[in-house]
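First the structure, in the form of structure tokens, and then the observations on it.
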Amino acid sequence: MEHAVSNLVGTPVLLSILIVFPFLAALTVYPVRSARLQTLVVTLTGAVLIAASLLLIPRTPFTLSPKSLLGVDIHVVVETADFLLLFVFLHIGFKHNHTLIKILSVLQIVSLAYLDVRTMSGEHLRVAALYGDNLSLILVLVASIVGSIVCFQSIPYMKAHEEHLEVEKSTRRRFFCVLLLFLGAMNGVVLSNDMGFFHFFFEVTTLCCFLLIRHDGTPAAVANGLRALWMNSLGGFCLLLGMISVFTRLHALDLGRLIELSSKSGIYLVSVALLCFGAFIKSAQFPFQGWLLGAMIAPTPVSALLHSSTMVKIGVYLVLRLAPGMRGAFLSECIAVFGAFGFLAGAALAVGQSNGKKVLAYSTISNLGLILACAGLNTPEAFTAAIFLIMFHSVVKALLFLCVGTIEQRIESRDIEDMRGLCAKMPVTALITVSGVIMMIMPPFGLLLGKWMAIEATAKNLAVVVMVAAGSALTVVYWARWAGTLMSEPFAGRFFPERQPFLTWGALGSLVAGGGVMTVAAPWLYREFFTGILSPGYSPPYVVHGGGLENGWGAFPVLPLAVVAAIGFAVSIVALRRASRVRIVKPYLSGLQTDTPGMFLGPGNRPVKAEASNYYLSSIFGEKRLATLVNLAALVFLILILGAAL
Amino acid sequence: MIDTILVVAATLVAAPLLGGLISGLDRIATARLQSRVGPPVVQPFHDVIKLLNKEPVAVNVWQVFCAYAYLSASMIAVVLFALGSDLLLVLFTQAVGAVFLVVGALSSTSPYSLVGAHRELLQTLSYEPLLVLVAVGIYLQTGSFKIADTRAWGAPLLLKLPFLYAALGLVLTIKLRKSPFDLSTSHHGHQEIVKGLLTDYSGPFLAFVEIGHWFDVILLLWLCSLFWATSWTGMILLVAVTYALEVVTDNVTARMNWRWMLGYAWAMGLTLSVVNLIWLHVR
Amino acid sequence: MPVSTIPFGPQHPVLPEPIHLKLTVEDEVIKEVVPALGYVHRGLEKLAGTRDFHQMVQIVERVCGICSMMHAMCYCECVEAMMGIETPPRARYLRLIWSELNRLHSHLLWLGLFADSFGFESLFMQFWKIREKVMDLQEATAGNRVIVSVNVIGGLRRDLSPEQQQTILNILDRVEDEMRLLEKPLLGDYTVMKRTKGKGIVSAARALELGCVGPTLRGSGVAQDMRQLGYEAYGDLAFEPRVEKDGDCYSRLKVRYREVFQSIDLIRQAMEKIPAGEIAAVVKGRPEGEGLARVEQPRGEVFYYVKADGKKYLERIRIRTPTFANVPVLLAMLPGMCLSDVPVIVLSIDPCISCTER
Amino acid sequence: MFEQITRGSRVKSPWLLHYDCSSCNGCDIEVIACLTPVYDIERFGIINVGNPLHADILLVTGAVNHRNRKVLENLYEQMPHPRVVIAIGSCALSGGVFREAYNVVGGVDKVIAVDVYVPGCAAKPEAIIDGVLLGLEKFKKLSNNWRGVGGIFREAETNES
Amino acid sequence: MRAETITPDQLVGACARMKAEGFRFVTMTCTAMDENSFELLYHFDKNLELSTLRLTTSKDSPVHSITAVYFAAFLVENEIQDLFGLRFPGLALDYNRTLYLDEEIRDAPFCKNAAAEKNTAAE
Amino acid sequence: MFPMMPAILRNFFSKRATRRYPPMTREPFAEVRGELKNEGSVCTLCGVCAVKCPSQCIVVDKKNATWQWDPFACVYCGVCVDSCKTGSLRQEPLYRKAATGREIVSVKIVLKEQTK
């Protein structure tokens, strides 16, 4: 591996652009009050990040151990910063008088200090700080590209948002600052090899998350932010505990070595399990979903960036990283079942929601559960499925969040019921949203490709496959319902694209196009990137054949299917264009329809609105009842997992 | 290549013809069971041709799009099946059709369409997991999700997967819109939500939905036939008996509500499937 | 919570007759019901101002085509009482026979429609197949299938020949046999019970308070049947009202199913006892004063009030039909039930709108 | 040929919508009786669809009154062409015995065009079948100009011209 | 016909008494006596015996609704509002004269002097 | 399990209940009140039927010596037949055929006295 580094001239530069540059940009934007300049800094940073991440593609795998930053030992810098960060948490805890945060910060500080003491003393192995393989690369690409696109869209969004809230003193600069900070931290997390680094960046994302959730400063926002903070601190604490136990065994905080040293011993598995707990919390798995739901109070770009496409992926990323280490262990199987449960429960709870953002949030939890299930299954097929799911979920979910944000700014509601007939008011946005939904649930799009792989990969694990089968049926319910609502009457057939800022169209458009192109390119993406991830020990499970992916017992002809689907789509579009000439009749209202659309002549000759609302089946899928049950079950699962590790 | 094209063409022609014929026979048999004469066997074709030539009216042009999309998806699913491709993929493709049908119905503001659409979603919710589990069962037995491999499997699957076949029968009842599950679009008009899902589809678009339905039925029956793929007689007999049982069930039960359906399909269907799968595992 | 507002009727395949219910539902559970009427209102009580009291017989027959004969009978009883006319004994038996035939066809019709309301189509077909036998009897004896126009003031326009009497008995035997065969499918089927038991419950006290009548009342355990009044020949025959306790749709179903056999039995009894003689009394003069009459129709008590002052045209004729009395209880039954229960519950009172609105 | 097939199908697959204006039920139940085993009009491919958007034939029983007039108009408007209206029973034909009642507008033809009149009080099932078959004769004569699927691909000329 | 004559203000009390005694509300009958006075009959049943309350009223002296006592009366009171033009204050479910009639029928058709003839808009 | 089973199987294996009308027609019952016929030869234009008719659909025009009947307004009750003293009216056991347009039946009456 050492020689790979020497070959890669420029990799350190790229990495510092990816990690350090956003930090600097964040510091730059903070004092800037001019909206123009803010836009400039943000777009520039985004563009640079996109370019850098693309340039990184041919350079994996690599390891890198920078010695110093501005002459100070880099490890010392990071550790110090980590301490500082934890004291900031403590401060927040005191400021808001939040006991849990106080306790957790102190616990973290103490354990970090303990770890430091131990690393300083003893024979101290300096490990490579950064490491990148295709898995990290994919996450870097997601964070940098999707992240930047979201940042672009947040520029017009925040402008409208502040106008809407009638904020007197703009706080946008702070917002952008945190956003950029986050992008750097995100890249940092997925590129860290030294677990100290990992923890530091992990906590930076937690801080960003807190700041962004409480951005609007309303009491509810602050409360939800604090909840996110304590829950994620708990995650950080789990990480630290895991690290301590890793160190006890390895005498190093080296993520790569940890996996290579895979063993079935109890202490090893406990450390892995503890790290996984941290990951579960970051990925908002039950019973820790609360913070993610609360996070929906933040301005929508935040949800798009942190709470669906990138930050929550840190958790599943970590588990995927650790997976080879627990191959064959019962722990791994438990994680699979836990993930499948999260998938099912998330989908079920999403069915009970009419709040668009909450549906997205639950759907995110659900998808992360599926990814976890794949990670836990720990077969090459499952791994492939997990990575496809990460990629496509990031793109499509970001798209959907941005759509909801755009819609919300126009109709002043994020409730699905209020989006009925949106295609009349904002036809293009509605169409884009529907495309997003289609990409969520229909073949040949990537998410379905991932789900297909997942089911075929889980087929031998009965418990998992039953839950996945049920969960995916539930998924169809809430997406189809939403898409139908958007396209409801009154759409007369003429098409007036609504006006939106250029950056909004750009962001939405590029995400839709991205989803489509990536789908068609999926087999080649697979061939180019995935093989690298699957080493060591896994042989590539699929062959690319006839534009599709195939193995001994299944085949998914991506390209042919895409072509056929496109033809079907084109025919339907032609029909649709012609259909503008059909006679439009009023819908069936038992013969009582009036000239006003959707009104009928009710009792006493009074016009009544034929309200038609979706089913949310609150008696079955209502949050109140179901969530308690789910949380209980999840807790039991977690205890089982810990037991399995022991 | 030529082979493939021939198979595709043959499927696209034969499936609707067969589907219509089955539906015609179904209506005659139902009439007989009710001591009636019933329509001629080609009645479904008359219906569809008539509908295709009616004035196209729609409540919302999206509905037109959805009708076409539904038909396309159903056709693609059957063609994929004919080509012996991946069973799961076929099921997913067919589900796409169902989703478009629902989206089309939701595009109306009539509560009748809407209630029908939601019931259809609930029906999908009831049977989709069972279908996936049937596919999984077939995989566990034959070691492949590919339909071509299943066809070539040496012994009748029915003997190994009897409970899964029963679960498939449940799915078939739902899909054929037969009592006690004819909830979202009863094939006859006397129900509380009029024609439910199909209330606001009209004229040619209704015809598309009908043809798409034929494709769906053929697909499911074909799937049933896989359970006795070793001999033609066995295959035809199995499908005929299964369908006859469906018709009889339709005539000896009242229509239930969706709460019952969801509970029954999940409790009964999942139990049947899981028992069968466990059995496969243990062996 | 997201609710839907559904205009149920006036045109709706479940409702052969137009009534409108504005249903507010959430996830298919009924929250509120508001009815609207007037889609069948013709105003025929007012026709008394342009038709003499003989012609009114033909008008009231058309208050409803299902129990046409009983409307005419009730009206005639009312006028006859005002004028002090004694109808001949044979007429009293004949009226009973035809009204029980009316009830038979009505109950068979309802049993079919009720089966259809929960989607049991083959059962619906089966009942209507049996019902055709009764329809043939009506057509062969009265000259019309549905508007059984046999009444005149003072008695009847049609008699039954001994052969006709024998045919009626023979055919009723077959109807009875076929009905017995359907007892299990109707009352013992799991799916039927699932759809009817526990749906639309009304207690006896509530039923009385809301003024309900007929099988709806008897299904709630109140033994009240206007035939107990002994009008026409009912007083001469053995008669016990059919009562069920539970007050749900299943009870009402059972009451009507059992009343089918009761009607057959009453006709048999009447055929045995029917005396020979005149079928109509001579009518002289014009009615004067006030009169009230009540008759048990298939759906329950019908109430006629007639006021006359000896002029050519009646002063006022007022008809309160059974469904009119059962609408309030219907409104009380629906909330909390499922959308799919609406047809079942609505049909369980056997609604007849045309007579409700006249 | 194509023309013949479409016309043929139209005649062989007439779907009914029954609307009760203010019938006394007499005619209504006779309409329902037509669907049942003894008369079984499904022999002619007829089904009772209960939905104007699917119906070819509108069967009206009973006299039109002020309130249901609007409903009748609404239903008629929702029916796609080609369509046939059949009035059943004296009430639907002219108002019958209720012609002079204050709330009665009159026969169905006061509101919408009626193609076939079936007299009777009540019209018997056989008479209703006769009426429907007479209505089908009208379908044979109706032009084939409705743009079906068909439509979608053929319509352009008919529409632009 | 047994009938007890009462005054309008005794009505609600009398009904409450009837209800307490276990009477079932059968119906009401309204008859126009002359242009301005109307006779209202309230019919009750107990053990197959009919009893009637009789009262007279005029167009401009509304009779209080009895729906608070017997909810079942709401239909018939609405009907009388439609057909006779009387009003029943306190009506539980008031259709405001639209139970049966649409705007085409302007006058109460059962009133003595009213345009009792059929509305002949079409002719 | 399914109590309806015997009934439908019996249906399946026995003769169907359908009367195939048309083409098959059944002999009508003798007493059925169908289409109204005025023989004309014995009618005295007395007008009793017109007066008694509850649907008021008979018009007797003495001046033009016509007896007119509106088959679309008639309710086939037979009151006119019962009340006609001369027996000029009778009802066929068959109903009147469906039509595609309005119809009025008008019978020219040649009065006996006048022919003498």
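So that you can tell them apart, the chains are marked A, B, C, D, E and F in the order they are listed, and the count of residues begins at 1 in each.
Convention: a residue touches a chain if its C-beta (ideal position, glycine included) is under 8 Å from a C-beta of that chain, and two chains touch if they have at least 3 such contacts.
None of these values were measured; they are calculated from a predicted model.
For the pair subunit C and subunit E, chains touching both partners: A, D. Listed by label, the chains that touch subunit A and also subunit E are C, D. Of all chain pairs, the one joined by the greatest number of contacting C-beta pairs is A-B.
When each chain is reduced to the average of its Cα atoms, A sits farthest from subunit C.
Distance from the centre of subunit E peaks at A, each centre being the average of the chain's Cα atoms. Averaged C-alpha coordinates put the centre of subunit A at 66 Å from the centre of subunit C.
Centroid to centroid, with C-alpha atoms defining each point, subunit D and subunit E lie 40 Å apart. One finds 27 Å separating the Cα centroids of subunit C and subunit F.
Chain centres here are Cα averages; for subunit B and subunit E they lie 57 Å apart.
Residues of subunit E found to touch two or more other chains are 98, 100-102, 109, 116. Residue numbers of subunit C whose C-beta contacts span two or more other chains: 4-8, 10-14, 28, 34, 38, 41, 43, 46, 58-59, 62, 120, 122-123, 125-126, 129, 132, 144, 147, 185, 189, 357.
Among the residues of subunit F, those in touch with two or more other chains are 2-4, 8, 11, 16-18, 20, 54-55, 75-77.
Chains touching one another form the pairs A-B, A-C, A-D, A-E, B-C, B-D, B-F, C-D, C-E, C-F, D-E, D-F. Contact residues on subunit D toward subunit C in their complex (touch as defined above): 17-30, 32-33, 36-38, 48-52, 62-63, 65, 67-68, 71, 75, 96-98, 100-104, 121-122, 124.
Contact residues of subunit F toward subunit B in the complex are 2-5, 8-9, 11-12, 14, 16-18, 20.
Note for the complex: subunit E touches subunit D at residues 100-102, 104-105, 109, 116-119, 121-122.
For subunit A in complex with subunit C, the residues that touch the partner chain are 354, 417, 589-592, 600, 602-604, 608-619. Those residues of subunit F that touch subunit C in the shared complex are 2-4, 6-8, 11, 17, 29, 31-33, 52-55, 75-79, 82.
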